[in-house]
Amino acid sequence: MIYITRRERFNAAHMLRNEKWSDDKNIEVFGKCANQNWHGHNFELFVTVKGEINANTGFVVNLKDLSSVIQEKVIEKLDHKNLNLDVDFMRGKMASTEVLAIAIWEELESDINQLGSKLHLVKVQETENNFVEYFGK
Amino acid sequence: MIYITRRERFNAAHMLRNEKWSDDKNIEVFGKCANQNWHGHNFELFVTVKGEINANTGFVVNLKDLSSVIQEKVIEKLDHKNLNLDVDFMRGKMASTEVLAIAIWEELESDINQLGSKLHLVKVQETENNFVEYFGK
Amino acid sequence: MIYITRRERFNAAHMLRNEKWSDDKNIEVFGKCANQNWHGHNFELFVTVKGEINANTGFVVNLKDLSSVIQEKVIEKLDHKNLNLDVDFMRGKMASTEVLAIAIWEELESDINQLGSKLHLVKVQETENNFVEYFGK
Amino acid sequence: MIYITRRERFNAAHMLRNEKWSDDKNIEVFGKCANQNWHGHNFELFVTVKGEINANTGFVVNLKDLSSVIQEKVIEKLDHKNLNLDVDFMRGKMASTEVLAIAIWEELESDINQLGSKLHLVKVQETENNFVEYFGK
Amino acid sequence: MIYITRRERFNAAHMLRNEKWSDDKNIEVFGKCANQNWHGHNFELFVTVKGEINANTGFVVNLKDLSSVIQEKVIEKLDHKNLNLDVDFMRGKMASTEVLAIAIWEELESDINQLGSKLHLVKVQETENNFVEYFGK
Amino acid sequence: MIYITRRERFNAAHMLRNEKWSDDKNIEVFGKCANQNWHGHNFELFVTVKGEINANTGFVVNLKDLSSVIQEKVIEKLDHKNLNLDVDFMRGKMASTEVLAIAIWEELESDINQLGSKLHLVKVQETENNFVEYFGK
């Protein structure tokens, strides 16, 4: 068993806000992340898959294929978008990094498994000071 | 003469859009940066000042003071904000990195000169792949 | 279960020295790290916690709270300090990165668990070429 | 149990090519990595070992010793070399990052275990966008 | 006048060798960079252009256009190539970073000037420890 | 004319203190950098030289020679040392990054000029948030 990781990037706007709460409560909990005019980040996405090495290629998975899946299933929907407004798989969800990481896992899992490897980890880095990791259920 | 640089960071949303143009023209020129639901970045700001060394301190400028000026004059207005909507010194301007760098220079110049040094360079890094540098007029 | 990591930084002096050994023996084992006039590093501290997502916030833990705990319990005691002389929780211990990582874990564990998440990993990066990871007992 | 990681670097040329395949098939699978005139990378190697802390040193392993083993057993054979042509422990193997990571593990394992620690992870970073991790069988 | 920089990357093989010299002399001068089986690097290319801001776009130059020129004129010829064997504009030249930087400048200059800006700096980073800068004649 | 830069690193302790001032005044001006038990940093030193390209080598200067000069003249004296106590060329000086950069320039200048190139810039990076640049008198 060996693990390979591909990094992709997306630049997006978002806001942290619980619609059931007052503005004051949102600011109390989310601070400046609750700004209703949005803010944004250069997100980095690290997708780790695991599997056995194919003797003909030396690969667990062809990174060209892995990159294509990530681009098509998530980056095209996230890059230069608003996480709260534009992204089908985030509709009705909190736009936190934690929730985003799980949503990305769910978008990627079946397509990656069809490449012959197995999704192991979705890591989303929001700033140089924080990142989230999700290994599936 | 010696140069010292302080890095500060801000996370902001923006959109590239010329209001005099049609939506199609905006998309043609600005591509996905024209998304009307905004996108965003982790911006890095590097402020370089120059001067002679103070013999008592070994400093061109006390970085505590330089950082305070940058925080108060620009970071508090930019961080977790929308560059097109929230920032007084960007009102009515294109929210490009070039225009932003010049606007930051104008905000900082007199306060930095009052610290006894001279503003030399404002550098704004928008992504790992592009940055803008402004040395004043 | 999802994991979130917060990075904090501290700049500190230290020396590697076993008081039971001669100077020669200390230099033989610790090399230039045994310099009795001290040397220092820009340390990076990565604290990873794990837990379930709170449906109201989308958070495992509010990073504001996590950062406050780390600042108060360890960074204020470590930043711009001497690890051998100034730090109560390092008293009488070897000032190696390994020992430091465990000591930081012990300082943080109960306070972090009170935030409703669980401490998973303390990582201390000493230079670009080496880091230590401690996952608890 | 605590984990310590040492980073070393090597700059090498390689080519991805299955000699049993036609040129066309090689290009179809490996793309520009199949260029028969070679290409190359600045590889980063991260070696993680685990063990208990020695009370006399505060170390799991002396990084001087760990670095010496890595240098002698793998870096001297890989740095400024051609992975397909010059490296004894890669002879007859695909020069993929996955295969390289496993080969490095096998070169390092017994010598590292003789240092009193245990090899835990070999990570090879090929570009800023991809890396491989191998934890042994 | 304002400056904007675009980073592009290419992974290439090369060798440092003066064909007029003996093997011994080549090894004496170029060390392990003279390995006749090649070695390679992840090169980073930073292209800085300068100009006035276009009032309609807020841009000195559209980065899409700048990136296209760099891709077409140099990256496609350099990426996953051998600098000594594959690159038309390096034919008959030493494959040093200095010579490469000047050759890239010459490839880019007229096309970049046609974008309405002016080429200011070509910077080529070969490893994390060295880079070359060329500002033209 | 072309510019080449070599990065070297050193880990050192220091303290900011004006012996003519009271402890209170030192703390007022230098804050936690005045801690009399020292603190420290991972310093990065970037040395830029300029010159014409040697047609036989493709080099402005052989980086092996440049690195040797930097190691011998400054790194060996700075690495794992105390800037206030251990370094002959810092004796009696403020241990600020500005003063250090100038002192490094003076140590390097004549030796680098003997390599056939000309010292252009000494840059000292103290933390990820600040660095100093000195271009000579």
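Labels for the chains are A, B, C, D, E and F, by order of writing; each one numbers its residues from 1.
Criterion: contacts are C-beta pairs under 8 Å (C-beta built on N, C-alpha and C of every residue); 3 or more make two chains touch, one makes a residue touch a chain.
The model shown is predicted, which means the values in this text are computed figures rather than measured ones.
Counted as hops between touching chains, the shortest connection from chain B to chain D is 2. The minimum number of touch steps linking chain E to chain F comes to 1. Any chain touching chain C that also touches chain F would appear here, but none does. Which listed pair repeats E-F comes down to matching contact pairs by residue number; over half match for B-E among B-E, C-F or D-E.
The chain with its Cα centre farthest from the Cα centre of chain E is C.
Counting every residue number used by either copy at the chain B-chain E contact, under half are found in both chains. A separation of 28 Å divides the Cα centre of chain A from that of chain D. In this assembly, the C-alpha centroid of chain D lies 34 Å from the C-alpha centroid of chain F.
Of all residues in chain F, those that touch two or more other chains are 31, 128. You'll find the chains touch as A-B, A-C, A-D, B-E, B-F, C-D, C-F, D-E, E-F.
On chain C, the positions that touch chain F within their shared complex are 9, 11-14, 31-33, 35, 37-42, 79-82, 85-86, 127-128.
Interface of chain C with chain A (complex): residues 1-8, 48, 53, 56-60, 62-64.
Interface residues of chain D, counted against chain A in their complex, comprise 16, 18, 20-21, 29-31, 93-99, 101-102, 128-135.
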